[in-house]
Every structure is written in C-alpha cells, then in structure tokens.
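Here come two complexes built around chain A, the first alongside chain B, the second alongside chain C.
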Partner chain A sequence: MSADTFFFVGASGLILGGLYALMATGLAVVWTTLGVFNFAHGAFLALGAYVAWQVSDGSGGPATFLLAACVSAAVLFCLGYVSHFALVKPFERKKNMVLLSVITTLAAAAIIENAILLIWGPRDKQVPAAVEGSFELFGSALRYQDILALVTALAALVVLATFLRRTATGRSMRAVAQNREAAELMGLRTSHLFALTIGISTAMAALAGVFIGSLRFMNPSFGADPLMKSLIVVILGGVARFTSPIAAAFVVGLAEAFSTFFLGLYWSPAVLFGMMIAVLVVKPEGLFSRRTKTL
Partner chain B sequence: MTAPLLELRNLAGGYPPVAVFRNVNLTVAVTESVGLFGPNGQGKTTLLKTVAGTLDPWEGDVRVDGERLNAEGRMRSRTSRHLNYDLFRKRRIRARDVVRSGVIYVMQGNLLFPEMTVKEVIEIAPAASVGRSGIAAMRDMVDELFPRLGERWHSRIRYLSGGERQMVSIAVGLLALPRLLILDEPTLGLSPKLRVELSAAIAGIRTMGMALLIVDQNIEFLTGLIDRLYLFDHGTVDREIGSGRMPSRQEIMAMMFEARH
Partner chain C sequence: MTSVPCLQARGLTKSFGALAAVDDLCFTVDKGEILGIAGPNGSGKSTLFNIITHIPFGPTAGEVLLDGEPIHGLSDIEITRRGVVRTFQREAVFASMSCVDNILVALEQTLGVRGKEAQRLADEASQTVGFPRNFHNQPAGALTVFHQKQLMLTTAVAQRPKVLLLDEPASSLVDDEIERVREVILRLNRQGITILLIEHVLPLLTSVSNRLLVMEQGAGIAEGDPREVIRDPRVIEAYLGAVA
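== the complex of A and B ==
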C-alpha cells in the first residue's frame, strides 16, 4: 500500500470520524443527562438533511448552504425541544422509564421516517454542496465539501464544549445531568434544561445530516446507518468525559475507512461490531473512560 | 397577628403506598431558629423533602406566609395496568415554587454535582433563583462564613471531604438568598473540629436574620443554635419544647423514650 493510498484512506476516515463525533456527542449528551438512549437520533438526522434540501432548493453555493444548514439546525432544535415533552417527560416518573423511552423514541423514528417518505418521496436526493470541486494533497484528491464537513463538525463540538463549561445555562445543564434532585432544590428549571439538551442534540444531528446528505445520497431511512455507527462510538468510547465519544468517533471512522479499503464494504460493519463486542467484554466502561458514569 | 414564615398543617406523606409521616403541625416564625430532633428512620428527611417539593404531600398543607404552596385536598392514589395516570396527574407541589417563596432545603449528605468545581457550582447557584444582582456581595459572605472553600475553589465536588461538601451545599443554599434555610443533618459524618467550625458558620447565618430549621442527631450541636425544639417520633411531631430553657441530652432522651417504654 502506497503512502498516497494510505493518506487518502486516512483522510476519508477522519472525515467520517468528524461526522460520527458530531452525532455521537449529541447522543452521549442526551444519554448522560436524561439516561435515555435516543433511537430517533438517526431519523432527526435524516429530517435535518431533508429540511436543508428543501431550503437550498437545488442551488448550491456557500450562502445557500449556510442558510440551509442554519434553518435545518433551528427547525430540528425546536423539534427536539418539543420531543422532550412528547417522548420523555410523560414517563419520567415511571420505574421502567428507560424501556419506555426506547419504545417512544423508536416510535418517533418510525413516524419521522414515514413523514419524510410522505412529504419528499422515496427518490434519492442530494443537498447541493457549499463548495464544488476538489484539490490535490499528497497525490490524493480531497473534496472541499469534505474538508468543510470536518472543520464544521470540530467547530460545533468546540462551541458546545465551551457552552457547557462557561455559560450559566450550560453549567445548569451539566448540574441537572449530575444530580437532578439537587438541581431541582436549587430552583433550576429541570424540564426546560432537559428539553434544551435534546434540542441541542437534535440540532447537532441535523448539522451532521446536512453534511452527510451533501456528501452522499439521501433517502428517508438513511439515518439508520449513522445511528448504528454512533451507537458503536458511544459504546466504544464511553460517556464519562465530553471528549471520550469524540476520540472514539475518529477511531471508528478510521477503522471503517481502512476495513472498507482492505476487506471490502460488506466486512466493515463486521469489523466495527467485532471491535464493539471486544470492548464490551474487556473494558465495558469504554476505551477512553476511566470509570463508568453513575447516572 | 402575622402569618408565620413556614407553617405545616396536618401534613401527611410518604412514598406511595408507604405512609411515612402524618399529622405534622409545625411553624417557623420570621427570623426564628427551630430544631427538629428524632431518631433515625422516623421520616424526618421524608417530611423535609415533602416541604421542599420533591415529594407530593398526601394530605394537609404547606404554607409560606400563609399562602398554600401545594394543591388543595388529599392525594388520590389510583393506579392502573392499562393507563398511565402520570399523564394526567399533576404534581401537588413544585420544588420551584418552594424555592421562589424563599424556602431552601439543603439535602442530607448531599453529593451535589460531583463533576463540577466549587467555583462553577457557586456561580450557578444565585443565577438559578435571584438573577445576577448582588452576586459579589454574596460571594464575600460565603468566603467569610466558609474560609475553607476559598482554598478548594477549583476542585471538583467529588474530591471534597464530607464536611467541605456540606459547606458547599449550605453556601449554595445561602446564595439563593433564602428567608428560611432548612438544614438536614448538617453534622452527619463530620469530625468534632469541623462540627465546631460549621456550628460557628450557622450561628453566623443566624445573626443575619435568616430563619433556620435544623434537623440533627447531635443534640448538643442543635441546642446551641435554636430557639425552639420539636421532637419527632413515630412519624409525627409529638412534643414542642418552648423557648424558655433547652433541656439537656438526658432529659430529651427521657422524654422520647421513657414515656413509651
């Protein structure tokens, strides 16, 4: 294997990793805050991509793409905020809340997917890219859109991390995640903060969706694959720290790229799930976590 | 006569279907410091959690300044295998209303937010209830009451000792500018030295004119800090000891146990 190929495969792995990081962090934030695994995350991603497609209306270019991405993130933020009150809150006092939320989020996924099918139809679509064309680096062609996706994903993660660490709202969100009762007794608006968490997570899913929709073709159920990968990422990396799913996302992205190149497309899921099983057996709290987070 | 700051009328509650306390009548006047003493496992903490709004009262009222904070009437306990009654059932009391009315409950053995630093916790505390005004003044007050916390400003709560955690909890409560501060077992697991330090801090809070409701197992600690004492036994307040003279430990033990056994 030549250095050129190595670089090319590595670069595509990094880009995949960036998008997985964006999605998996959204999942991890909801998981650590509400103790709920959001199976509708993939459907939200797909919906985000379709909203962006609708807004950009067939025309590309940076301005349109920016507008489309922003509208999509905003719409999905609102949907996520509302979905807390529809999917999670009615059951929060139930003992089997985790199982119930699995069912409600799966139901939401099915509803959203079929709504997309009804509204936009089954034909493959693609969000027009912000920047067309590619450039040559170390003998391999890289698309500008790929680089934009990676940079935006990392920037969004930095913004989220800063938000959670520095702002009062972000800190309150962490407080609610760590001790709900104490937060309530402090007078924090727990429902609002929970809804905000889901909203932010779905907005990030939308952003990932817009980029995946611009790099590949999209259809109503194309969120299922990224959801599966983010599940692997979250299990692989653990959720104890903000950075652990991000690091794991790049591991998964690179593993996927290299296994696709060497073993073929059909074997890469097997490799990823093999890794996941190995981690679950050897280090169940995740590769990059020193301990399990108590919820 | 003005209404007392906090008044509990025939309050009953528990964890359905287990009733934990009943017929609790208790008042705390403005700037008064009141103690609640009773054996373990009799429902003191459950009572306080109900007052703070994290548990629903079954019966009776929680009143602050004469205004009822809970929903009227008794709680109906209905369950069904077919319907999710939680969808229709509203909370009978809301923690946020209690906090807004100026009653702050400091939990027992509170871990607070383990992954956040003291600084972060202290900074969000006032924002939660009173907005951004006067934070600097409150910070100075915390520094004055708990000089220890200044040294641990950037440590995560997880790494603090039990006593330091207790101090952060009380400081967080104070930063909400309460009119009544409820302390649940503040000396739990504390060394005698820390207990003296904490006692001084609570005495300091008392001189600021804040009403206090203190629950503790340590009667010497308690009697030094209060005007009035309620004895809590078998799920209800069964005796009130007035402001005249605080009884000694032996007298209280005799009152609590010899009458019955």
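== the complex of A and C ==
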C-alpha cells in the first residue's frame, strides 16, 4: 500500500468518523439521559437530509447549503422535542420502559420512512454540495465537501460540549441525566429537559444526514446504515464520558475505510461487528469508558 | 425580647388517601429561632418539610405563612425564592458533576442568577459552611458522606435562605463530624437564619434547638423547651412504646 493510498483511505476514515461521531453522540446523549435507545435516530437522519434537499431545491453553493442545513436542524429539533411527548413520556416510570421505548422508536422509524416515501418518492436523491471540486494533498484528491463535513462535525461537537459544560441549560441537562430524583427535588423541569435532549440529538442527526446526503445518494431508508454504525460506535466506545463515543467513532470510521479497501465493501460490516463483539466480551463498558452511565 | 413570627403553620394537613401523613399541625417559628423537630420514623417530619416547600408536593389543607404572607399556594421555586430553602435526608447530589456545578445548577434554577454572581454566592456559602474551596472542581460523587452533606448545605445556604429546613444533617456521621454540623448550624443561626431542624441525634437536636416539636402519626404531641419535652411521658411512649 503506497503512502498516497494510505493517506487517502485514512482521510476517508476520518471523514466517516466525524459524521459517525455526530450521529453517535446524539444517540449517547439520549441514552445516558433518558435510558432510551432511539431506533428512530436513523430515520430522523434521513428526514433531515430530505428536508435539506427540499430547501436547497436543486441548487448548491455555500449560502443555499447553509440555509438548508439550518432549516433541517431546526425542523428536526422541533420534531425531536415533540417526539419525547409521543414516544417516551407516556411510558416513563413503567417497569418495562426500555422495551416499550424500543417498540415506540422502531414504530416511529417506520412511520418516518414511509412518510418520506409518500412525500418524496422512492427515487435516489442527493443534497447539492456547498462547495464543488477537490484539492490535492499528499498525492490524494480530497473533496472540499468532505473536509467541510469533518470540520462541521467537529465544530458541532465542540459547541455541544461547551453548551453542556458552560451554560445553565446544559448544566441542568447533565444534572437530570445523572440524578433525576435530585433534579426533580431541585425543581428542574425534567420533561422539558428530556425533550430538549432528544431535540438536540435529532438536530445533530439532521446535520449528519445533510452531509451524508450530500456525499452519497439517499433514499427513504438510507438512515439504517448510519444508525447501525452509530450503534457499533456507542457499544465500542461506551458512554461514560462525552468523548467516549467520539473517539470510538473515529476508530469505526478508520476501521471501515481500511477494511473496505483491503477486504471489500461487503466484508466491512462483518469486521465492525467482529470488533464490537470482541469489545463486548473483553471490555463490555466500552473501550473508552469506565463502568458508569453519565453525560 | 419581643418575638416576631417568621414561619407559621396553621392546620397543615397532607393526606394520602385515608392516611394523614401530617394531620392538622399548627406551630410558629420566630425570627432567629431554631425549632427542633423530632419523632419516630414515619411520624411525618420529612413530609412536613415537603409540604412547606412544595418539594415534591404541597399540602392537602392548611396554611403556611412566611412573615405573615401565605406561601402555601406558591410553586416550589417561588417558595425557595421567598427564602424557604431545604436540604434532604439522603445526599441529593449530581455525582459526576463538579461540586461547584452542583451549586450553580441550584442557583440558576431557583434564584435565576448566573455567571460571576452565582460563583460569588457559591464561594460565600462555601466559606460560611466551611466547605473546602479546593473541593469545588472535584466530582461530587467522590466526596465522603460528610462532605456530600456539607455540599448539600452549601447549596442551600447559597440560595440566601431566611428559613432553612435541615432534614437529618447529622445522620450517618461520626461524633466529630456531628460536632462540626452543630457549629455550622449555630453559625448560620447567628447570621440571622431561622432554622427548622429534623434530627434523630438527640444530643445535637436538644443542644441547638430553642424549642422542640415532637410529632407522632402526623400530629404534634409535645412542644416547648427541649429538655422538658424529651421527658414528657407522651414523647417517651411515642419513642419507646407504652410502659406496661
């Protein structure tokens, strides 16, 4: 393997890792706060991409792409916020809440995918890129859109981390995630904070969707693959720290890129699942986690 | 010295179906006073704090007056803003968050203060309570039970209480820690804070309280000078059962 190829495959892995980090952090935040694994996360990602496609109306360019991404994130934030009251809240405090939420989020995923099919049809689409063209680095051609995806993903994660650490609302969200009872005793509006958590998570999924939809062709069920990768990321990295799924996302991105190069596209999921099973056996709390559950 | 009523409870009742956890309770706490509250487990002491502060629920009937103004119809946050602040029996802390973030969450939520002002209140309260400043950036879950209780008390004091409701601040502590709790309670009281103190550690309770209220099955069965009240036959019977 030449150095050029190594660099190119590595760069592809990092770009994938950035998008998986965006997606998986959203999943992890919901899991650590509500104890719910949101199986509709992939469908929200797809919906985000379709909303952006609709807003951009076939034209590319930085301004249109920025507008499309912002509208998509805003719409999906609102949908995520509302979905708390439909998918989670009616079942909270029930003994089998985890199972019930699996069913409700799977149902939501099916509803969203079919709604996309009804509204936009089955034909493949692509969100027009913000920046066309590519540049050469270490002998490899890198697309501007790929770099934009990586930079935006990292920036969004830094913004989220700062929001959680430095703002009053962020602190309240961390508080409710850690000790719901104490948070309620303190007068924190837990329902609002839970809904906000899902809203932020779906907005991040939308952002990931907009970029994935600009790099690949999209169809109504195209969120299933990123959801599966995010599931692997969350299990591989654990959720004890904010950075755990982010670090794991880059491991998964790089593993996917290199396994695709060396073994082929069809073997790549097998490699990732193999890694996941190995981690579950050897270090079930995750590669980058302690045995705890927190934000 | 003329006594000025600070907190008054009139016919305070909390029912859960047929069970009255607090039953038609009346008492008055004067400004600057420490009212000790004792009673066997399940006698309604913590429920009394719950319904005064509306955390997590208010009374079924009755009135609570703060400086003569009714507060029983207000929300938990509004009651805290008016100056009635409580601590909890169990250490209600956010374990993975830093101690200072624990204090800031409460301040932002109840008083609505943020930034430097919130930090200043947290520092002042830490100094008053004696909560070490170098613990501020430690995760709360890493603290001992004593320091977690100190953190909870610091959080309450930072909210600038007129009336502080302390729910078993000395439970699970050893003698020298109980002595430090006693010093803090007296220090806070000297600063003009009126205190209601629930405690099972009777030497602490009787040594700091100006008056003692003993509850049994939701009702007040004795009230007055702590040394006299603990010798009251009704109180002895409530704690030890009827003498054959």
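A few notes on this one:
Everything below uses one rule, namely that the second predicted complex is superposed on the first by the 293 of 295 C-alpha atoms of A that agree within 3 Å, B and C clash if a C-alpha of one lies under 4 Å from a C-alpha of the other, contacts with A are read in each partner's own complex, and residues count from 1 in each chain.
Criterion: contacts are C-beta pairs under 8 Å (C-beta built on N, C-alpha and C of every residue); 3 or more make two chains touch, one makes a residue touch a chain.
All of these numbers come straight from a predicted model, not from anything done at the bench.
With chain A as the common reference, chain B cannot sit beside chain C without a clash.
Of the two partner chains placed by the overlay, chain B and chain C both lie in contact with A:Ser172.
By the touch criterion defined above, A:Ala3 reaches neither chain B nor chain C. In the superposed model, A:Arg93 lies in contact with chain B only, and not with chain C. Overlap of the chain B and chain C interfaces on chain A comprises residues 168, 171-172, 174-175, 178-179, 181-188.
Per the touch definition, chain B reaches chain A in the complex via residues 52-54, 84, 86-87, 95-96, 99-100, 104-105, 107, 110-116, 120-121, 123-125, 127-129, 172, 176. Remark: chain A residues 168, 171-172, 174-175, 178-179, 181-188, 292, 294-295 touch chain C in the complex.
Within the complex, the chain A residues that touch chain B are 90-91, 93-94, 168, 171-172, 174-175, 178-179, 181-189.
If you check the complex, the residues on chain C that touch chain A are 55-56, 75-77, 80, 88, 92-97, 101-102, 104-106, 108-110, 114.
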